[in-house]
Every structure is written in C-alpha cells, then in structure tokens.
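Every chain is named by a letter (A, B and C) in the order it is written, and numbering of its residues begins at 1.
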C-alpha cells in the first residue's frame, strides 16, 4: 500500500515526529495529571468552590482547540511550549472531574469509621479516600491521555512538533498519503496508550479489591 | 477517676431535628453498658457522642476525665475501640491490614508484628488464620462483622464502643462471640458500651441496661430492676415475656 | 542537613557549568516557513547552503500555521532568525499599508527602512515572483475563449468564483479585482487554500485565485489567465532576517546573498511540481537544484 511505502521511505521523518509527539503528549499528561489531581483533591475538600472550578473548566473545554492555540500565541509564542500549555489545559477536565467525583463518592460510612478509629485528616485522605477513589481517577486519566494524544495532532499547525506535522505537511503539499499516514500513526499511538492504561486499570482494580 | 465516660446534659440535633434531649449518663470503669431501643430513638447518636463523631449542641462529654471539647480527639479515639453496624471494613486493605489499622496509625509495624497481632485477633473472634490475606469482598457477612470487632480491639483499647456488632452473625457463632466478649471484659476490665436490638442479648451481656425512646433515656438499671419494675407498657413490651 | 546542602550546591554548580558550556557552542540558526510547498523548498535551499558553506547548524520549523501573521511576531521576538517572504505580502500584512505601491524599487526601499526599525532586514530577492493569478479549467477557457482577465470579465456573469478567505476579505484582493475589471461573478465561494484546486477540478467553482508558481496549475492542466491591463503588482520573494542574527553569525549574509537572483519563476514552479505531483521530498529537490547550479560541495 502507498501508505506503508511512504512510512518506510520517510521513516526518519516519521520517527522524529512520533518521538516528539510522545514527548509533547507525555509532558502535557504529567502536567495535567499532577495539576488536575491536586485541584480535584482541593475542591473535594471545599465543596463550595467545586461548582465554580468545574464550571470554569467546562467552559474552557468548549473553546475550540485552534482558538485556544491562537489565543496563547501572542503570549507564549509558537512551537512546543504553547502546544503543551494548550494540551495541559484541555487535559484538566477529565482528571479534575473524575478526581472530584471519585473522592466525594467514597462510602461515607467507611470514612466515618476511619475517623472514629482515630485517623487524622491526612491519614484519611491518603490512606482511605484516594485509594478508594483510584479506579475512577484512573479511568479519567485514561480518557485524558487518549484525548491529549489525539489533540496533539493540531499542535503542529502552529509550529510545534509531533505527528500533526506529517498531517499538515501532507495537506499543504497536496500529498494525501502523507496526511493519512500521520493520522494513522496518531490513532495507533492513542490505541496503544489506551490499551496500556486499561491493563494498569485492571491491575489497580484487582489490588484495591474491586472486581 | 472511676468514671470512664460522663455525659452531662447533652443535647444533639441533625439540622432542625432534635435527636437527643438532655442526656445525663455516667459509665463506670469496667461496666458493660447495653443500650436498647426502637429505631430513631437516638442510640447510635449517643454512641457517636462518646468518640466525638457527633458534637453536642449543648452539654459536655467527658471520657476518662477529659473534656472532648478540649482534648485531642484523634489520639483519644485511638484508645477507644469502635465497631459499627455492617463492619465497614476498608475494602482496599486485607483482613490483616484492617485489623492492624489502629496500631499502624501511630507507628509502622513490622511484618512479624502484624502477623502476630492479626493472628491473635482472628483467634479471638473465632476466625481461621488463613483469612488474614483475604480481602473483605471475599468474606461472608458474618465474617466481615467479626473482623470488624477484631479491628476494634486490636489496639487493646480501654473503652469499646459497639453498634449492633453481631447483627449478621449466625446464632451459634453469636453465642460463642458473646461468651468471648464477656470473658474478655472480665479479664481486662475493659469498659464496653454496646448497642443491640435483641433484649435477650442485652440481658445476657449488660451489667446495666439503658432503654431509650425519642431521644431520652426512658429507663435504666440492672436486669432484675427492669424486670421487677418496668416503667410503663412500652418497657414491658420491650422486655417481652422474659 | 549539611550533606543535602552540599549536594544541592554541587548540582547547582554543575548546572551553571553545563549552561556555560552550551553557550560556548553556537545555537542553531532558526528558520521558519509558511505552510506551503514553495516555502518548504526555499527554506531547504537556505539550510543546505548554510550547512554546506559554514559550520553553523540549522533548524527549520516547516509549516507555521497562519503564515506571516504568526511568523512575523515570532521573528521580532527572536524565536526565529529568518524566513522567506513576499515583498507585497509584507507590505500589506506587516506594515499594514492600505494603498498598493506600484513602483517595485520604491517599494523595496520603503520595506528596508521600515523593517530596519524593527531590527530586521531583507538580504535580497530570489529573482521570481509568486503573484496572485486567476486559473480556470481548460474546458472553461475554450468555452468562453478566455485568455486574459478582460475576457474573464466579459464571461463573469455565468461563472462561480472560489477564493481563500484572505484574498476575498482583503480590500486589495478580490474586491479590487472586481472593481478594476468590472467583474461580476454569478456566485462567490470561500474556501481554504488547500481545497481550491479540488473544488475547481470538481466543477464546484469555475475560477479560482491561484499563485503563479503553484504546482497544481501544471498538475491539473489549468490555464492561467493574463493580467492584460497589468493592473496587479508582483510579489517578489526574498529573505527577511534579524539584524542581530547577521552579527551573531558573520558568515550568514554572504550565504544568503547567494540566493539573490538565483531562481526563476519557471524553476520555482518546476520544483513545486516535483514535490507535489511527483511526491519527492523537498529536501531532495532542493539539493538537486543546488547541485545543478554548482553551489554545493566546498
């Protein structure tokens, strides 16, 4: 097939794009993950703020990614840095929401027993609440990773690296095979990551006593 | 101080709804106090006042001479055993880790210590030692309940609070556990406050029995006192044809 | 703790040392390109000339979406050192002039002085223009006997025009065209640059604005009409570079000036064709061009 041929002929190009896509996505995943979980933990303890924070994130989520990128460019320039910032912002929603839901849906009876037995706030949060919320959090994490990988394709439009460069290059040189090849690689990367995280999720579920 | 627990004119509410009204109670060290009453009478709330899970709207609670409003609740609670209805074991921890939970709050326990402690506690509640590495979801209702009791007692507390701990346990095992509990109490002199809905169990276990109704102590006393002089028809009906 | 402090100090010192070492080595020259084949090729030519003739390193960001709008601010900020631009695009989009300057030399002079104030300069022009043109299908040209813009104006009432938003919106683009030649198209459609040729092929539109060096013109056998009243000006291509980059890399100017007058319109269109129609890589096409001109291999 033409696509396989072009993947082979330009393998150095594709390899560079792939590695960079992974690098950009990974950075965004880590940033969004850490930030998102901290934010989620924070609002689970301050329910009044939760509405506001979740509302804001929801609104940002509805902004088309191209618009957000365009908005950031005057401030953070073009290239990888802007891409990572935009991807991190989008990645926040699934994580914050799931962390919040997971933490607030823990059986209140169990939390009360933990308190009654003499656990302090930190021990309840770290030892009971978060472990029990973990399956929901990981599910949100999985969504976030797939989304960031897929969205990362657009970042190349503003000069960032990644597989989107292949897509964009193909469009602008009227080379549909190139575009298709880039798209397929992004899809494969997303599928692979999802599969990997599904296995992590299963292992966590098993360890933490959920069927 | 001989009084393990003192409740001085305590009232409690959930929102607008008054749950406890002007409760005055003193529990001596080594007493086995049983609380009984219809649902909604406030017995669980009363129990929760003792370890501070519920704060009084007015009045004061003292445990071992310390005012709950003025002491470090967290460290106090570690000296009070707490076993609730339905056990509420931590689903993400093994039976062993559940049992060793309270001692583990203060300091890290070695593998050996954990093994010994959980083994000892499992024996106490008549459970086989192999269960130590299982997860709560793999246990039956009765087994879970017994692990809950083991967890409550693992740190050798001075006071034990128990909310219908034998609810899901079968008759034979229940009798055995009741016997164990009584024996334990005689040996260690631990103070126990115990909620049940079973009057037979109340009479068997309690050195003193508290009958509650509508948020107040309706009548209290030893088994004989209650049988001889029930306050009214309600009490008579409660203690049944004993 | 004392040992932790010592470790921290050691790490900080190492970082500073590494930073200093990195400063000793020259940073790569950063080139930007717009998202079009022609610019991919031009930047490759630049890069290969630089790497062949000096020991500077080069980094190309190929395809910055938004073109001049995004590249120019980044250039001013210093995120890039140079890029290829078209004179009148700069005139309109960067200097934001509303009136066209017809005299090519005057235009260039004004560009140089305006850019000088921004810390930038032009090192010269390549020798070809990539100008707005109008393209129709062969059959349309035959049917209405089209070979010039005036011919088109006469037939415009029966034809649909397709153009990219920039062209349609810009006062100096479509509106000016229609005004100057009295064109009144039956219908006007807006679409992205990359989609215009498809639309023309599928007969969704009959006329599109094209760039005179577009490979797709030859690839699709289209007819480029002649601007018979010579109303429209040319967009000459050249390099814009940061003045401080020229200082930082002293050999750079000499290399860039090698590109002056180097490429004709035909040659550019031919190279575009090689990449788009024949699927060759821009890098190879650029190298072949330079080798044929005897500019590589010192």
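Definition applied: a residue touches a chain if its C-beta (ideal position, glycine included) is under 8 Å from a C-beta of that chain, and two chains touch if they have at least 3 such contacts.
Computed from a predicted model, the values in this text were never measured in an experiment.
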Just to be sure I understand the contacts, which chains border both chain B and chain A?
none
Per CA centroids, the chain at the heart of the structure shown is A
With centres defined by CA atoms only, which chain is the most remote from chain B?
C
Based only on mean CA positions, could you tell me how far chain A sits from chain B in angstrom?
47
Here the gap between chain A and chain C, centre to centre from mean Cα coordinates and rounded to Å, is 35
Go ahead and note the Å separation of the Cα centroids belonging to chain B and chain C.
81
Multi-partner residues in chain A (2 or more other chains touched) are none
For chain B, write out the residues touching at least two other chains, lowest number first.
none
What does chain A use to touch chain B in their complex?
107, 109-110, 112-120, 123, 128, 131-132, 207-211
Complex contacts: residues of chain C adjacent to chain A
32, 35-37, 40, 61-66, 70-71, 73-74, 77, 79, 194, 197, 215-216, 219, 275-276, 279, 281-282
Residue numbers of chain B touching chain A in their complex, please.
48, 51, 53, 74-80, 82, 84, 86, 88, 90-93, 101-102, 105, 135-137, 151-152, 161
Applying the document's contact rule, which stretches of chain A touch chain C when the two form their complex?
10, 70, 73-74, 77-79, 156-159, 165, 168-169, 171-175, 177
